[in-house]
Amino acid sequence: MTSFVEHLPILIIAISLFSALTILVVGWFNNRSCIFIFWLTLLAQFIMSLFILNHVLAYGPIHYWLGGWKPPWGIELVVDSLNAYILIILLFLSLACAIYSKSNIEHELPGKRVSFYTLFQLLIAGLCGVTLTGDIFNMFVFIEIFSISAYALIAARGKIALKASFTYLILGSIGTCFFLLGIGFLYSITGSLNLHDLSILLPPFYDNKVVKAAFVFFIVGLSIKMALFPFHTWLPDAHAFAPAEISAMLSGIMIEISTYVFIRVSFSVFTLEFLKLLPVFDILCWVAVAAILMGSVMAITQVNLKRMLAYSSVANMGYIMLAVGLSLSAVESPWGGLNPALMHIANHALMKGCLFLAAGAFIYKANLWNITEFRGLAKKMPYTCAAFVIAAISMIGIPPSVGFVSKLYIIMASIEIKNYFFVAVLLISSLLNLAYFWRVIETMYMKHEEGGRSSHGSHGTSEEIPLGMLIPILLLSSLCIVMGIVWLGKVPIPVLDQVNLMFGLGKVP
Amino acid sequence: MTLTVESIKPALALACPLLAALLILLSSRRPNLRESWTLIAGLFQFAIILSMGPVILLGKTVAFPFLTGVLPGVDFGLKVDAFGLIFAITSSFLWILVSVFSIGYMRTLKEHAQTRYYFCFALAIFGAVGVALSKNLMTLFIFYEILTISTYPLVAHEESPEALFAGRKYLAYLLTSGVFLLAAIALDYSITGTTDFNPGGHLTLASASRPFLMILFLLFLLGFMKAAYIPFHSWLPAAMVAPTPVSALLHAVAVVKAGVFGVVRIVCYVYGTNTMQELGLGVMLASLAAVTMIGASLFAIAQDNLKKRLAYSTISQLSYILFGVALLSPMGVTGAMLHIPLHGFMKITLFLCAGFILAASGKKNISEMAGIGRTMPVTMLAFTIGALGMCGAPPVAGFISKWYLGLGAIQSGQMIFLAILLIASLLDVVYFFPLIRTAFFETMPSQELLPGDRGKTVPVFPGKPQRLEASRSIYFLMFLPLSITALLSMLFCLFPNLFYILGLARVAVRDILGGL
Amino acid sequence: MNSKKEEENVVIETASRIMIPFIQLFALYVITHGALGPGGGFQGGVVFASSYFLYIVVFNIIEGKKRLPESVYTTLSSTGLCIYAGVGLLSIILSFGMAQYLNYGFIPFTSHFEKNRSLGIDLVEIGVGITVMAVMVSIFFDLAGKEKKDKGE
Amino acid sequence: MTMLIDFALLFLVIIIAIAAVTLKDLLSATLLLGAYSFLMALIWVGMQSVDVAFMEASVGAGATTAFMIAALSRMTRWEKK
Amino acid sequence: MVEWLTAEISSKYNYWVSILLMLIGFYAIIAKDNLIKKIIGLSIFQTAIFLFYISLGVVRKGTAPIVSEEMILKGYAYVNPLPHVLILTAIVVAVATTAVALSLIIRLYEEYGTIEETEIIGAIKRKEADQDRPAF
């Protein structure tokens, strides 16, 4: 007997697909109603994800056998605390982007509304699928689904975005091919594709070269997908020239989902014992440090705001991977294990989502791309600029914002393993963040347009964006502060504790 | 040993400026309402904070935990002890006066972006009082950074390239220092598992190796760069481009005081005097303070711009506080603690005078101020009182703290420190005296064209001494606060226990060192 | 020139007219026998679509669009997927939440569990076939589309 | 014997792959890619995976080639350099 | 040595071929300037991986599946016809990717009049230099 909640994981994916098709068909008759279908679906999905989280916390993981076939033959959906947590972040950000997209898409891609929403919905279906599946091959398929939707969405704007999308397509395909190869290696050894099953079957073969090779393939493939430092070259242009809400999705959740896959594969398939055999995670830390520095420095040199944000995403992936890398050795309770990494995934989704949406708002209103063009913008768009400032401050890591909390935790983890170099890098990078974000804030607030000062005091010039776009931006930015305080107050930690417990990370209580 | 009373008062005290900030934003189009919010919040806050005084004097502490258990051993919470209350009283009281002054100043000069100004001002006070009431380093850090960020728009208020440059410099210095502070806090936490302020300190020689502790202290010191000791002081004079009430805020009330406050917290409540003594850090800190005291005074002599001169004076005076703490003797610490509010009152008098002179006559430089004592006698009198206090002359409050500092130097047994103190005081006289002489005893040049300062000067007719102070009714708003502070500076010398300050300092020292 | 070309095409046109029905028949065979032998919905769908490719290549894209307008293939593709996903949902609904998604055995086509299952699979294959056919054709139209419309006339 | 055919097919596949990559004429390269897919399908038949072979023959050799030719019909046929 | 090599090659020739094909495909992706060629390379690369998978299935028929007794006791029996199904899915994915890539190439060609990567980048750079802002 399965309870109602246990059907929800598949329903989340299925209604996403359904709504994609419905949007396509309805779009033929009335393309204004698409957005409402889209919203309703996302809202339903979001509510379902809340139910799932509740169920997982209360009764433990959900195992759902598709078609009633028992694993390892059938495909299984597994929802444990890690999935449920990621799923909520994913759907929340999607919801925010969806609300935002109504006005923005009408403005930016007026003729392509229907296909845009269809693809967007498919993207979400793919992301949900990756998150929920318990089968490694299924994961690959869903990765491809969301990647393909992403390629198309990035290219939606045409011109330079086409090139960016093509580069991403080539590199992304190579990445997923490597992932597929890794799966092949594992399959050749164990003959199973179920994640849980693999973790049971693998231990006898830990010193087998093929298993190690498979792991390396996974790392390389996923590094490309998550734009870890040497493989980040596709990211800046792709994120910079996609429509704003897609940029937010790409930076805020898509690369994080790849990180999730990495975490899942490393900890659920190759268990801790295997990871401790190889110095992979130590190397990963250093790569991540390089990513942090490189991303931040490159961000400083950018003139284009969205490209700057994209490089900042590279740096932030560095943070997340550094936290993942430290998760093996740092065990003390609040920052041990995967806590900082998972926290930063959520935090980065909030911050980057807000920043990209705000950047999109500037483009929407006045086609402003370059930082130098933002003079006096704070007068015209006070709310958007305020939200941008809050998110930027959060990126810099000023307390009590979310950025501060994750930075603090990563620092504490680095201190615990006595690697003061990482601490220094993290602190320096927050100064670098300051350098590139403050430039924007200063231009928006402190500099004036040519001919400028006379217009002081006259409030009539306010050119705020439509409410539909403003609300998600304000929501995300206020969450940057609220969540920061919530994290400090330790409220959502039980989820993370369960994750650590599941993977045997952190201190055994 | 100390009883803790749970109370919501600290939180209420913090809520006042925060609420005021929101209300200011909401009523941005109605200046009168907007500014009255500031004043109302200020009065409430001061009343709440002052009402905690008697409880604290009994040796209790008032605590308000609001977030427990994020890091084991670190609760984000507020705790009011004697020393914190001293700073809180100072900043909340001066907020009222500076606000009154601001209203006059900003309106006279018709400054732009006043809503932002008052909003950030309220946030800065929120930060400063938060620093004062913090229970542990972690909480302190949060408010410390809020303070940094919220004062940036004030420093760069003018939005001229020069102001922007100053703002950038300000941020670069202070946020870098924040980074050091965070590192230090994290390290401290990782070795001791707590960041609470204990009167005896929670770091001992047993917690880590000597070099580690010394490096940690260095990190802390770098972290509190707001204290503006000498190699890292240059942001402070640069920040002088800000409107004068802001300078007053930076120099007397919030920012720099938060810095020294932090250092005192570190020395007395994190390391503890014993550990400091054993590590020999006291002498190091004292030397640093001595160099700053004398060096900054020498710099000050060379300045012609009045505000710049006052800025260097601030740098020098702040180091008196560091110096007093570094002596690690009861008297010295008392002196240091007293100097925080007392210097605040005196320096704010000086700055308000400078601001009033600028607003009323448009004069910035000392060389232009010949004979200004005749057009603005009360202002210059107040200025003289403040200056005397800086030099440590008896009828003004500065005498009290210097007296204690001197006693502390003797108590610590090192006469060279006493000598340094005297030399520094002498230098204070050297840079303040010429100004007073110029103002009162030199006559105004017959033909004077006022510098076209920002196009907002009020014309002064040459040759005809005229009472500028009473010429416009709005000047009253500036004139009143500076008179009050000058008066209070005098009163503090006579009644040092006004606002419980001496009593609180005694309680604090008793907790730290076991009595005077 | 144009008339000549048309004359040349007569053989090809006739041949394709004959071939296309057979291709489509074969496609249907492949779709329905997916569960037993090689093939299945996807392959069948592709084969079915390839008959359209042939049609478009031999005649031209305008003719092709007349035969299969955009509204039709869009609807077809969604219908197919609705069948595919809907059967899965049906199994949940008709078993009142007892069975899992895609557990076709619970759909009461017949009284026999295993028969239900194979019928369900067939239904899914048909759905997939329709979708794939429609999607492939739409991709082909998109790729070969605009330019020819401009130049061909 | 089967092994020989296998070898021959594999050898051919490699040759065709190289040719597809190096040819300047994109249309020829595309057609060679179709041939490559088809040969690959043959190899897979030899490996008893008929299902996959069918798929590769219809999708890889059929649909992909058709798509690529359709796309090529709208742009240049020659690779520069 | 020679024997080892011949034994190695004759027993695992499928793998060698698939790796060779992967390299060929990879070469095309990386080194070729033409976008269509890149797509061709990608197709070859993907097909090579499928070959690799299918070979796994074949080899497993000849050799015993690697399953320890303990696992059989636990009830896990591993003879699995899965890889074929997997490759079916993977082929679908591959053709979808190719289709998207082709439509991108077409639009790039319409935009810039070329399908050589360096020329496209050059055009973008020129445009950016002209406008002093992204080519939008």
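Think of it as A, B, C, D and E in the order they're written, each chain with its own count starting at 1.
As a convention for this text, contacts are C-beta pairs under 8 Å (C-beta built on N, C-alpha and C of every residue); 3 or more make two chains touch, one makes a residue touch a chain.
All values derive from a computational prediction rather than experimental measurement.
A.B. asks: I need the common contact partners of chain B and chain C, sorted by label.
C.D. replies: A
A.B. asks: Can you identify the chain nearest the overall CA centroid, using each chain's own CA centroid?
C.D. replies: When every chain is reduced to its C-alpha mean, the one closest to the whole-protein mean is A.
A.B. asks: Between chain pairs A-C and A-E, which one is joined by a greater number of C-beta pairs in contact?
C.D. replies: A-E
A.B. asks: Approximately how many whole Å separate the CA-defined centres of chain D and chain E?
C.D. replies: Distance between chain centres, rounded to whole Å: 14 Å.
A.B. asks: CA centre of chain C versus CA centre of chain E: separation in Å?
C.D. replies: Measuring from centre to centre gives 27 Å for this pair.
A.B. asks: Could you state the distance in Å from the CA-based centre of chain A to that of chain B?
C.D. replies: One centre to the other, that is 44 Å.
A.B. asks: If you average the Cα atoms of chain B and of chain D to get two centres, how far apart are those centres in Å?
C.D. replies: The mean C-alpha positions of chain B and chain D differ by 79 Å.
A.B. asks: Show the residues in chain E shared as contacts by 2 or more other chains, in ascending order.
C.D. replies: Those would be 88, 92, 99, 102-103, 105-106.
A.B. asks: Which chain C residues sit where two or more other chains touch them?
C.D. replies: Within chain C, residues 40, 42, 139, 143 contact more than one other chain.
A.B. asks: Which of the chains touch, listed as pairs?
C.D. replies: Inter-chain contacts occur between A-B, A-C, A-E, C-D, C-E, D-E.
A.B. asks: Along chain A, where are the residues that touch chain B in the complex?
C.D. replies: Result: residues 333-334, 393, 396, 398-400, 404, 408, 411-412, 415-416, 423-424, 427-428, 430-431, 434, 438, 442, 445-448, 453, 456-457, 459, 485, 487-490 of chain A touch chain B.
A.B. asks: Flag every residue of chain A that touches chain E in the complex, lowest number first.
C.D. replies: Residue positions touching the partner: 72-73, 137, 140-141, 144, 148, 151-152, 155, 157-160, 162-163, 165-166, 169-170, 173-174, 177, 180-181, 184, 187-193, 197, 200-201, 204-205, 240-241, 304, 367, 369-370.
A.B. asks: Can you check the complex and tell me which residues of chain C touch chain E?
C.D. replies: 40, 42, 139, 142-143
A.B. asks: For a test of understanding, state which residues of chain D touch chain E in their complex under the given definition.
C.D. replies: Residues 6-7, 10, 13-14, 17-18, 20-21, 26, 29-30, 33, 36-37, 40, 43-44, 47-49, 51-52, 55-56, 59-60, 63-64, 67-68, 70-72, 74-76, 79-81.
A.B. asks: Could you list, by residue number, the parts of chain E that touch chain D in their complex?
C.D. replies: Residues 13-14, 17, 20-21, 24-25, 27-28, 32-34, 36-37, 39-41, 43-44, 47, 50-51, 54-55, 57-58, 61, 84-85, 87-88, 91-92, 94-95, 98-99, 102-103, 105-106, 109, 114-116, 119 of chain E touch chain D in their complex.
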